[in-house]
Structures are given as C-alpha cells and as structure tokens.
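Chain nomenclature is as follows: A, B, C and D, assigned in order of appearance, with residue numbering initiated at 1 for each chain independently.
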Amino acid sequence: MTLAPVLVLAALLFSLGVYGLLARRNAVLVLLAIELMLNAVNINLVAFEAMLQDSLATGQVFAIFVITVAAAEVGIGLAIVLLIFRNRATANVDEFSLMKW
Amino acid sequence: MTNFLLAAAEEEVHSAVEAAYTSGFWAEYAWIMLVIPWIAVLGIIFFGKRMKYLGAEIAIGMLAFNTIWASILFILNITKGVVYEGAVTIAEIGSNLIFELGWVVDGLSIMMYFVVSFVGLVIFIYAVGYMKGDVRVTWFFASFTIFAGSMLVLVGAPNLVQLIIGWEGVGVASYLLIGHYWEQKENSSAGMKAFFTNKVADIGLIIGAIMVGVTLGTFKFSELSNAAAEHADSLALVAGMIGALLFFGAMGKSAQFPFHIWLPDAMAGPTPVSALMHAATMVTAGVYLMARTFPLYQNLAEDIRPWMVAIATITLFAMGLLALVADDIKKVLAYSTVSQLGYMMVAVAAGGYTAGVFHLFTHAFFKALLFLGAGSVIHAVHSNNMSDMGGLRKDMPRTYWTFVIGSAALAGIIPFSGFWSKDEILVTLGHEGYTAVMWIAIAGAFITAFYMTRAIMLTFHGSYKGHGHPHESEPVMTVPLIILAGFAAVVGFLNIPGVEFGGRGNFTQWLGMREVVMGDHHPTAPDWGMAAIGLGAALLGVLAGLALFARDKATQQERDKFEIPALYPLLRRKYYMDDAALGLVWLIKAPFARAIDWINDYIIDGVVNTMGFLTAGLAQLVYGGLDQRGIDLGFNAFAYASGGSGERLRRLQTGRVQQYASVFVGAAVMFVIGFVIFG
Amino acid sequence: MEWFDTWGLSLIVFLPLVGALLVVLLPREQEESHKWISLITTGIVLILSVVAAANFDFGAAKSFQYEVNESWISAIGANYHVGVDGISLPLLVLSGFVTLLSVIYSWNHWEEPRNPKAFLALMLVLLTGMNGTFVALDLVLFFIFFELVLLPMYFMIGIWGDKSERVLPVFGKTVSVRLYAAIKFFLFTLFGSAFMLLGFLALYLNSADTVAGRTFDIPALIARAPELTMLPVAGWIFAGLFLGFAVKVPMFPFHTWLPDAHTAAPTVGSVLLAAILLKLGSYGFIRIAIPILPEQAKQWAPVIAVLAVIGIIYGALACLAQTDMKRLIAFSSVGHMGFVMLGIATLTDVGINAAIIGMVAHGVITGLLFFLAGSMSHRYHTRDMDRLGGNQKLMPMLGGILAFTAMASLGLPGLAGFWGEFMALLGSYSPLDGLSLGLFRTAMVIGAVGTVLTAGYLLWMLQKVNLGEPKAEWDDQKFHDADKFELAAWVPLIVTIIAIGVYPKIVFGATTEAVEALVKTAFGG
Amino acid sequence: MGYDIDYLAIAPEITVAVAAMVVLSLDLVLPRRQKYWTAIAAVLGVGFAAFPLITLAISDSGAASMFNGSYVVDDFALVLKGLFVAAGYLVLLMSVQYIESDRYYQGEYYFLVLMSILGSMVMASSRDLIVLFIGLELVSGPLFLLAGWRKGDARSNEASLKYFLLGVLSAAIMLYGMSLLYGATGEVTFDGIRAASAGMTGEPLFILAVLFVVIGFAFKVSAVPFHFWAPDTYEGAPTPITAYLSVSSKAAGFVGLLIITYRALPEASAVWGPAIWIMAVLSMTVANLTALRQQNIVRLLAYSSVAQAGFMLVPFAVAGVSNDVDALGSAFTATITYLIIYAFMNLGAFAIVIAGARRTRTGDIDGWAGFGRRSPVLGFLAAVFFFSLAGIPPLAGWYAKFVMFSSAIGGGSVWTGLLAAIAAVNAVIAFYYYARVVKTIWMDEAPDAAGVEYEPVAGSLRLALVLAAAVVFIAGFFPDVINFFSETTRLLASG
C-alpha cells in the first residue's frame, strides 16, 4: 500500500474542513467542519503509523487522544453555540461582530 | 626679526632690570590695589545705603588708598626703578597651560595705576556733588567702583587671560554706567551698544590670546619675548595674524574706526562716567593693550603695522571732523576723545611706544578735566546742548578757566601738557617715515583746536540762551576741576626730551622700566621745528574758531553757522556708520533670528511632530486599513480563489470570526508558500 | 573613615531613595515633615559629597576612588561598580548642591496642583538617578540611572507644568503645553537611549572572547579599547552611543525637546533639568564613548564639532526670536551645551576640561536663571517679555541678581561661564593631532562669533525684562522682592559662580589629571 | 527512564487536580450563601501546590522522567510550573471580588481555572507531542468557557465563540503539523524527533510540519498575523480571565514553543527561525501601532500583550538565525526571563484595571482621568506596572527588554541587528501608549469628579497588587532573582 493517496485524502479532507469553517454560516456546520479537520489528522496519524510499523502504535494512541479531545471540544463548542442562541436567537456566526478588531 | 629677541633677551634689559628695585614691600603687595576695589564693591552694595554719602565714602576711600600706593610706586620707580611680577595659579591644564591671576609692577603699569587711581579719585569726589539727589547713588558708586577695579585688574594683568578678565569687566561696568538711567530705552540701548560693539571686537582679543597661548605656550607678557625666541619658527607664521587680532580687540575698546560708534552714544551715562571712561578707564584699555604687547608689534607683527597706522589715521582725522558739527557738548568731547585715541594708536602703531603712552597719560588729565567741566556746565543749565548755553563765563568762572586750560591742553597749546605729548607723536611719525600721516595728524591738530574753540565760544561766550539762572557749581565739584587743571597744565613737562627728573631720566625711562626693552625711538632733544609746526596748526585752529564763532548772535544756531555743504550731511549722519551697524543688528535680529525660529518650529520640530503624526497615521492605517480593507481583501481573495460567488463575497464581509479565520489560514498559506519559494 | 570608602558613594546615591520612601509613607497632611525630610536628606547627601571631595586623593585623581565593586547581575556580568574620579567628582557635588537648593527654593514655591509630598519624593528619586549616573562604572548600572531620571522629570513636567495650551506649527493642532513637552522629552530620550543600550550590549558582547570574560565594566572596557575600536561594528556602536548621548545633551538637530520641556516644566524641574540632566549626555561622551572607542571618536569629532557650532549659532539666533523668557533661557542652553560639545570634540585635555567646567558652570548659571525666571513668572503670572519690563524698578534685588546671572551666562570673564567657552575655543584652535585644523579653527571663529550673539540676546533680554519703565498693567500691583527662601537658594549659586570664575581650580584641580590620563590612554602621546 | 510514576515529582499537579475536585464538590454541597468557600479552597489549593514545588526544587534528586521520557520533571519544568502556579494564584486573588460581585455561579469558575492551570503545568513537563497536545487542550478548553463566563453579556458570548473557533482551527492546524512530523520522523518524543530530524531540513513534508506546529503555537502566544482573536476575546472576557489569557495561557504557548523549537526541532531552525523573525517584527510593529489608537484600556492591554509577545519572539528569531551556541543559550534564557517578568507586570496592570474599574465597567481610557488624585496608591501602582511594561528602569520591565536586546545583539548577524533596531524603535512607540494611560491617570483633569463610583478594593486584590508590585520592584533592582530561575532552565536548550 502506498502512502501518498491516503495523505492526499487527508489533505483534501483537511482543506474541506477549512473551507467549511470559513464559508458556513451556521455554527453547527462550522463545528462539523472542525471535526473534518481533526479527522484528517487522525487519518494521517494512522496512515503514518502503518507505514512506520511503529511497535508502540504511537500513531494510533495519538489518534485516540485526538478523537477524545475532539469530542470534548465539540461539546464545548456546542455549549457556547447554545449559550449564544439563547441570548440572540441565532446561530449564524457571521452575525457576531459587536467588537471590532 | 629674531635678532631683536636675542638682543633683548641679553644684556641691556637684564642689566636694567637687575639694577631695579624688584622686591620691595610696595611692589610685592601691590596686589592689594587690585583686590580692594572688589571688597569696596561688596561694602557699597551691602552697607552703602545706610551711609551718609550712600557708599561714596567707601569708593573714595578705596581710591585714595590706591592713589597713595600708586604714588609711592611712582616715586619708587622714579628713584630706583621697579620691575616686579607676582601671580597665583588659578588653574593648570596639563603641563603647559597655566592660568594665573597676578599683578605686574613696572613702568607702564605704575603709570596706569596712578592714572586710574588718581584721576578716578578726583572724578569720584566730583561725582559726590554731581550725583547728589540721583535715583540710585549707591548703585552708581558700586558700578563706578567696578569700573575702576576692572581697569586696575586690566592694567595689573601679567598675562593675557587676566587682561581679558579686566577687559570684559570694564565692558560690563560701562554697560551698567552708560545705561544708568535705564528707565529710558535710549540709555539702556546705548549701554547695550557699547557692550555689544566691544564684544564684537573682543572676538579678536580672545582668538588672539588663544593663538598666543597655544603658539607660545604661555599667556604671560613677560615671557612672551623669550617664548617667541624659542618658538620663532611657528610664531613667524602667525605673528601677523596675532597682531591683527589683538589690534582688532583694541579697536573696540579704544573706539577706533569703525568701532567708534559706541562711544558718542555712551554719553547717555552721567557725566562723571564719561569722564572716567574717556580719561582713565575703558578707552585707554586698547592703547594699553597695544603698549603692553608692543614688543610683539615692534619686532614680529611688523607687516600689519601700516594697516594699524591707516586705521588710526582715519580715526584721528575723520572723528575729529565729527566733533565740528555736534551740538551736544559731551559729544564734542567724545569725538575729540576718539580722535585723540587715534593719535595714541597711530603713535604706538608707528612704533612710538613712549609717545603713544605719554599722550594717553596727559590726555587722561585734560580729558577728565574737560568732561568734568562740561558736567559742571550741564549741571548748571540742565541741558547737554550747546544751543541752550552761551555766556557762562561770568556765571561760572572757575569752570570756565579750568575748561580753557583743558581745551588748550587738548588743542596742543604750549606749554600745556597736550602740546608736549602731541608733539612727540608728530616727531615719532616723522622719524618712523610716516610723513603723510604726520601731515594728516598736523591737520588733525588744527581741527582739534578749531572745534575746541567752537565749544568754548558757544558755551561760555556770547549771551546765555538757556533757561533759569546758572551759577557756579559747589566746591566738591570745582575743586577737582582745579586739581585736574593743575595737572593738565604741568604733566607735559615730565617728558621733555633731555630734561631729567630724580636721576633716572624722565617719563621715557620710567615707562621703559620693563623686562623687555621697547626699542622705540627716543629723541634726546626737543625738535623745535616740529613743535612750531604743530603749535602753528593749533593756533590757526584757534584763530579760525574765533573768527567763526566769537561773535554773539540771537540764537546759537545762527552762531553755529559752520557748514560745509558736501561734508555736512555726511558728518551729521556720522558717515552712516551707525546706520550700517543698526542695519546689521536688525539683520541678525529680525530676518536671521526669525528664520532660525521658524526653522526650529516648522522644520526641525515639524519633522519631529511629523514623525509623531506619521506614526499615528500609520497606526490608523494599520488599524483601520487592515480592518476595513486589508482583511476583507485577503478574505475576498481567498473566497474568490475557492470559487465563491459574488453573493457569497458580500455576505462573508460581515462575518468577522470567519474573516479572522481566513486571515489566519491565509497567513499560514503565505508562510508555506514563502518557504516553497525562498526556502 | 574606612566605612566611608566603602559606603560613602552608595549612601550618596541611595539615601535620597530612602528619603523619598519616608516622604511617601508619611500622610499627605504633614507637609512640614515632608519638607524637612527632603531638606535633611539632600543636605546629608551634599555633606557626604563634600566629604567625598574633601577626602578625595587629588594626587590620584585619574584613578577611581571610593570604589565598590560587587556582583549585581551575575548572569550578564554586570556589577554594582561605583567610584568617582576627577571627572565625575565635580558633577557629583554639583547635583547634590543644586538639588538641595531646589528643595530650599521649593519651601514656599509650589506650582499647582501643589502636593509637596509627591513633588519632593520625585525630586529625591531624581537625585538618586543623577548621582547614580555620575558614579556608575558599569554600563548597565549607568543605563539604569540614566533612565531613572526620566520618570520623575516626566511627572514633574506633566503634573506641575505649564497649564496653558499652544498650537503646534504646521499641523495646527492644539496641544496642552505640559503634556506635549512631557511626552516629547520622554520619547526623545527614550529613542536615544534605546540605541545607546544596543551600543552597550554590542560592547559587552565584544568585550571578551568567552562568555565568562564578558563585562559591562567601564574601566575594563577602556582597558580593552584598542581591540574594541578596531571592531568592524565599532562605527555602529559609536553611532548608537552618540544618538543616546546627543539627544540628552542635546545637540543640534536633536534639541527640540529641550525648549518645550524647559518652558513647560515647573521652576525646580527646569532648574534640575538644565543644571544636571543635560550633563548626563555630555558626561556619557567623556566617560564612555570617547575612551572606549577612541578611533570612532576621532572619526566623529568633526561631525560633533560642526553640530556643536551649529548649535551655538542656532541657539543664539533662536533666542533672539523668542518672546517667552523661559523659552529664551532654554534655547540658551542649546548654545551653551554647544560649547561643551565643541570642547569634547577637540579630544584634547584642554577641550575636555573645558567641557567639564562648562558643564558645571552651565549648571549653576542656567540653574539660577531658571530659578529667577520661575520666580518672576510666579509674580507676574506671565513670561511674555513684551509685557514685562522695569523689573529692576519693581524688584531691585531680583533684577540685580538677574542682571548678574545674565552676565555670567554670557561668559563674562571672572565668572564661571567664561572658562568653559574660552577653553573650548582654545581647545579647538589646536585639536587632537589628525583632526582637521581648518575645520576646528573655523569652528573656533564661529564659536567666538557665537559668544557675541550670546551677549546680544542676554542683553536684549535684560533690556526687555529688567530695564525701562514698568508697563502700566503692573501699576497697582504690589510686588515683593526676593524672599528669604529664594535668597537662600540663590546666594550659594552666586557665590559659586564667582568662586569658580575667579578660581577655576576648584573644578580643574579635580579634573585635569583625570582628563589628561583619559586623553593619553585613548589617543596616546 | 521507565514507566514508573514518580508521585512526588508530580505532586504539584496532583495538588492542583485535587483542589479542582474539592472545589467542584464543595460547589455541589455548599448552600448559595457559602459559595465563597470555593474561592478559598481554590486559592488555598494553588497555594499548597507551591510546597511540593519548592520541595522538589530544593532537593537535588535530579530530573524525574516518567512514561518512557514523555513526562519529565526537571528544573525547566519546575521553574515554569512555579510561574504558572504563581500567576494562577494571582489570577485567583484577582477573581474573588470580581466573581462575587457578579450574578454568576462560582464553583465552576474556580474549577475551570484550576484545570487550566493544571494543563499548563502538564505542558511544562511534556516531552512528547501527545502530552504537549493534551496539556495544550487542557489549558484551552476551560478558557473557551471562561471567556464566555458572563453568560448574559453578548460581548462575552462573542468573545468566547471567536476564541473557540480560532482556537480549534489553530489546534487543528497544529495537529495536522504534528501528524506530519510524526510521519516524517517516525517519532513523537522530542528527543527522538531531534535525533531523527538531522538532515531533514530540505524535505517539504518536514518543512510543512514544522511550520504548522509553529503556527499553532503562534496562535496561542497571539503573534501577528495570528492574533486577531486576542483583542476581541480580551475585551469580552471577564477581566481576571483576560489577565489569565494574557499571561498564563500565553506563557503556556511560549513553553510549548520553547520545547518544540529548542528541544525537538533545533535542526529545523532554518525553517522556524525566519518564520518567527517575520512574526516577531509584525507582532511588534502592527500591535504597537494599533495600540496607539485604542480607546479601551483592556483592548490596549490586549495589543500590548501582542506586542510583548513580539518582543518575546525576538530571542527565538535570533536562535533560529544564529549558529552560535552561546547565543542560543542566552536566547533561551532571555525568553524565560522575559516571560517571568512579563507575567507579573501584566498581571499587575490587569489588577489595576480591575481595581480601578468603575461600576459601569466601560473601560474607556478617558474615564480614568483624575484617578491618580482620587486614589494615589492605585495611581502609583498603575504607573509602576505600565512603565514597567514600557521597560523603564528601575522597574522589572527594563531587564526583560534588556535580555531581549542582549540576545538580539548577540546574534551577531545583520538580520538580528536589524531585528534589534526594529525592536528598539518599537520600544519607543510602545512607551507612548503606556505613558498615555499614566498621563490620563495623573495629568488629566477628571471631568465628572463627583458622580463616579469606584468599587472598593478587596483584600485579595490588594494582596495581588502588592505581590505583583513587589516582584516588579525586586526584579527591577535585583534581576539576579529572575536570572536564578531562568538560568537553571538553560540546560534544556543545550539538550
């Protein structure tokens, strides 16, 4: 198995995530886009681990940590979105510009 | 050139000096004369107001003390000859730059001590009467004492630096005294003019002193000759320049053309100030400097002497002419002083050390006398202008007669002192080969006699044209007049060639009592031919004056009908010299100074402020620009690149979180691309 | 006196800080205690400085005395190294002296918003900074003290300064005089000192081949000068030091903070600024820049000389255009410091001695002038010379002192100001071998012309302020002449001016040998 | 080396973790009126963590290594943990009054802060990518929530959202970089990466990996152009949290950057060196210029902290550009020194902002006019902290700037010299806006002196102010105190 196609897949997935993050209005969709990016990382980690034949399975371990943390982060994200939705009755990220740079 | 140095450094001088009385009490402690004026100043300032004569007694006591001391030295010099020098070091920089304060006692300085102290004393006494009821007598006497004290420091200076100290001190005192009535702006301006003009000339003195100090490694007059011998090579290059610079300095103080402009204005001060300034202090300082540094001119800076003679000649003649048209009696005397200073300077410049100094000596007495006499008149008629005078002869006989004696001395009428000293100058000029100058000087003698006759006629003869009833001044003023008249009459005899006093020759030998021989020409017998020519010119002047001004008329203006059409406006405007000077000052003050101020505020500070505002503007640009345009731009570009539609672009512009994120990603991409390209 | 050898200088430097702490800790109501604490502290500091001068071994003026060298920041080899030699001794005494007089003067002269507690505390901190700069023998220590003076002065100007407003030329923006001046002062100095610090660091990094050997020690760096001055970056280093010191002096085109700061500052602030703070810059040249980088000093000397001479003429001409008395005096500082820098630029012992006595003289004279200007504006509530006039009549004593001080300021021989000017000209007639004679002699002549202009503006100021009849607007007002606190502050300065003028050995006695050694070490011969 | 857990070595972390649990439990059981005990428990808990730290520091047992070298407690870790504990302690002190006066619950607040502190402590000890990542997320996660603590305030919500989205984006980019790094080197431990990365400088994958990782941390330290979140978040978040963000969170980012660059990727200095050079220049210049225009004091401090981050990046850039071993070491300690000093002076500045806040909490700088006359002590302290930030001697900030300049000049190349010059100009610009605050406090007239109400300053806040001021003064006069800590960490740089 060659590594390259997997890496390309991961890169594409990551790019898709970035695009989603930048282009989606709805906060929930933005959160999902982030999940895409993190999963791209996971693909990378697992693929590299397979290529390297790491005896400690470091890549997989790393991936599991990433999955866990990603879950926590999405939890936090949803909590924030919920909070905002309560206050402002919208979940569109582009409407939050009270503070200017 | 250096042959003189060798010769001088050898026998004659040393034999003379060694024979002299060098270390007596009076010479060793002569510094007291230089110090007590300053103690007196403090005494006057702190206690003067509480005293009966408001501090004058301290000033007079001090000068009386100095007069006695100077007289003793004078007598010692006549009998034994005195050469002594002492100093305390006030600073040592490195090994060869030493600053000292000290006192020198030799023929020249003894003569000056005496003149300053004695003439000063007389004037001070006179001033007690003259200044009675003045707004600030104490202040006046304090300044007066500073004046005399500075002059003593100056003439006692054994080195150039101390001379500069005294020199500037004299300048400040003159500023204070000329501007004594500073409530009027003209008076304070006159003081400023005096100080400022002198300050300009001082550039020469200071730079000259620096060049002497650096080239020769000493500022001491007594070491100048020896040091000059040692550094003959390096000195040869700069001697002329040093001479010119020192002379430049002397021109200021001694009011040589074109620095004479301050002197007539200086009449703004009380009359005793004019007397002191013109007789003993201030204006003689320049001549004194030339006399003190005479060996330098005599032997090293020979090249510039003709120039000096030329300037002095212009001064003696052109300034004498100005005295013809002045209405203010003090201005007549002032221009006459400038003219006489020209005589002194021309003599010294031509090589007549003794002649020049002797004229200084005699001039001190008769000019003090004339000013005090004028003061007495002014005191009586409350005006400076001769147009308000006339016929005072009967009301003020003592003033009249003393004034006549003074005028005669000034005009060079035998046997008064001015005759002898002026004669010696003429002789010297002739001997040194300045024949043309000599004839101009003779013409000058004619003019002198002419304008003095005019002054006497307009003031004392005819009928009184002023207001009120003038009467003779009180004794405190007339007694000094009489004393001075006595001296003005007789001091000329001290230097009749061939006539000796006290076994050590006459004034010439007393004056020559210095560590270095002066090497000027000394006639051994009177030159009666020259005397006759000089006297003739003077008498001619008197006659001309009598012819023109003797007759009384209704107004003084009518009497004063002396007009030379071409010359008169020129003289009235004082050759436009004052206008030129004023123009220069205006030029500096108005356009230059304003330009600098403008440059400061608009250019330099403008740059500084611009930097500040630019930074602020840049801040606005970074803050506002990046926010409003840059980020949008970057984000739009990104959105466009990712295939976004116009509708999306518009929408995305408002979503700030995503804008931030897009910049974030964009920057990351830039970094990567940067490394791909440049890495 | 053994304790003095080790503790003397540290006491001189840090006692004011202790005093400031005491002042701060006492409640604001106890004004008298604040004043007395400040007076006693500055008094002790001055006494200690005088003791230091009295015990000073003038025979060994070129070596550092009362030296203390303790490890301070071991990581960078910076030490608490203090000591005085003949060069710093006069300045050390001067700073204690002027500060004491400032405290005395302040006794009953408070500018709005008063608050003596804060003002005195700042003044004491300032004293620490000034004294520290003069005794520091370590670049880092020097830097700390050099910067330490900024804060108190910033607050003095900003809080107690001139409350009026003015319009900035060119931009037409209205600014508060004191705030503009305060920030300008700070930014200028900070800008210079930032680059100065870079220079110090570069010196440090090149001071030895190994990390352990590197040092900020000034004497050690001077000893290493022959190698340091040959570094390829030495020119840059000197440029950095130059920038730092030149701003502080201030030299011509970096001077514009000075008129603003002086004009805006409260009286005592102006006095201290003129008397001591400006000296830090020129002292830095003498203590650090020249001996450590002699070759660069030689290369830069013509530049410094030209800028100095421009400063002399420029300052004088600018003075003639002023209508604000304090601003005029401020501009005069530009000219006077020009003479100081001209002296330094000659790189000869004569010139540097001239610079030091010029610094001391300018300190006492201009300090006194600012005192007088302050007292006058205190009474007239204006500094506009067109409105003043006849001061001599209204207040004879104050007017007399003003006249005296103006005379001293114009370099009257026999008073302190003369020696600095005269010797600076003397020095520039024969600068160090290898420097352009033509340039320096031209500088001398222009400098001499500058003395005339100096006389011109000071006399002009006297005429406008002191002489003439008082203007009608003052007719009904009662003016009280100099009071006892003012006299107590001024008379010592007057005495000093005369004393130094008549007997300059007071200063030269300490400096000559040290300067000679400095020049010899730096330039050989 | 081994898998054994040295409980003594991780006692500080355990203390903090236990304290967090206690706080959470207390919050559960305590009635509403006695919630303040949670605050006391949190403050005491962090305080207690200092004891094992000190014990560890004093004992010369050497470095403790756990989890096969992934978690190391050495001098570097101890010093930074000490910093995190101290900074956390101060933040907690600053929080007490602020949180009490709010309507919101207390327990979670302290729990979250404690967890964040714990995370930063973990980062200090991390010696592989996984632990580093865990630590980083542990720091950030609670902060996302804390930033939105003022739940009813739309600004606070927005702050939270922005911070969260950008934080996760950066985490994702960094993780992506980490995955590539793992792929390129086959290692996750730093020592392993270092060994494996020799000679890999030219490989695009490696370069990409390094850049992404560095960018991830650049976000954390809020370096330009990855700083956009900072001002908004700082403004919206509760002030004590802002203080925490600008100090501890930033410090954690720097710790990560330090370990990554010096420990794991010294071979890749040709990559991160120029990148950080650019970021340093941009951070200093852009942030300083922007700060000049700010009207809100918190935003001003936000930009100030961005600029300060730029100054702190200077030594990295030098280390990246220079090859000199000495320069490397001094650059490393320079950053640590700067970080320590910055922590205290910035916390002090925020404490002043909290203490001086009006009831309205507008934070407008002009609203501070006349503050110095009203409360001279606070005004004095404000001057101290702001001038210290500006780097004016003898306040501690000077030494931070000093070592920064020192390392820049020590780089010895044209680039580092240029960097030093840019930093010097920026230090001058920065002074202007710091001075502006002090000017407003001391020199401007209060426009409405009568109607302004200030909150009384609580004892805990006073303690925080005194502690910070004490450090600022002591470190200013005796920088060796700071050096003592930063020098012990030098070993890490040399491997």
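Keep in mind that, in the parts below, contacts are C-beta pairs under 8 Å (C-beta built on N, C-alpha and C of every residue); 3 or more make two chains touch, one makes a residue touch a chain.
Because the structure is predicted, anything quoted here is derived from the model rather than measured.
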{"item": "Mutual neighbours - chains that touch chain A and chain B alike", "value": "D"}
{"item": "Chain at the geometric heart of the assembly (C-alpha centres)", "value": "C"}
{"item": "Inter-chain centre distance, chain B versus chain C - centres from mean C-alpha coordinates, in Å", "value": "34"}
{"item": "Distance from chain D to chain B - Cα centre to Cα centre, in angstrom", "value": "74"}
{"item": "Where chain A and chain C are represented by their mean Cα positions, the distance between them in whole Å", "value": "64"}
{"item": "Centre-of-Cα separation between chain D and chain C, whole angstrom", "value": "41"}
{"item": "For chain D, residues contacting two or more additional chains", "value": "161-162, 165, 169, 173, 228, 232, 432"}
{"item": "Chain A: positions in contact with at least two other chains", "value": "18, 21, 93, 96-97, 101"}
{"item": "Junction residues of chain B, two or more chains touched", "value": "626, 656-657, 660-661, 665"}
{"item": "Touching pairs among all chains present in the structure", "value": "A-B, A-D, B-C, B-D, C-D"}
{"item": "Interfacial residue positions of chain B with respect to chain C in the complex", "value": "89-94, 97, 99, 101, 161, 164-165, 167-169, 172, 175, 179, 182-185, 188-189, 192, 195-196, 199-200, 202-203, 206-207, 210-211, 213-214, 585, 588-589, 592-597, 600-602, 604-606, 608-610, 612-613"}
{"item": "Complex contact set, residues of chain B against chain A", "value": "626-627, 631, 638-639, 642, 644, 648, 651-652, 654-658, 660-662, 665"}
{"item": "Chain D - residues contacting chain A, complex", "value": "129-130, 133-134, 137, 141, 144-145, 148, 151-152, 154-155, 157-162, 164-165, 168-169, 171-173, 175-176, 178-180, 182-183, 186, 188, 228, 231-232, 235-236"}
{"item": "Chain D to chain B touching residues, read off their complex", "value": "161-162, 165-166, 169-170, 173, 204, 207-208, 211-212, 215, 219, 225-226, 228-229, 232, 270-271, 275, 278, 286, 289-293, 429, 432"}
{"item": "In the complex, chain A residues that touch chain D", "value": "7, 10, 14, 17-18, 21, 27, 30, 34, 37-38, 40-41, 44-45, 47-49, 51-52, 54, 58-59, 61-62, 65-66, 69, 72-73, 76-77, 79-81, 83-84, 87-88, 93, 96-99, 101"}
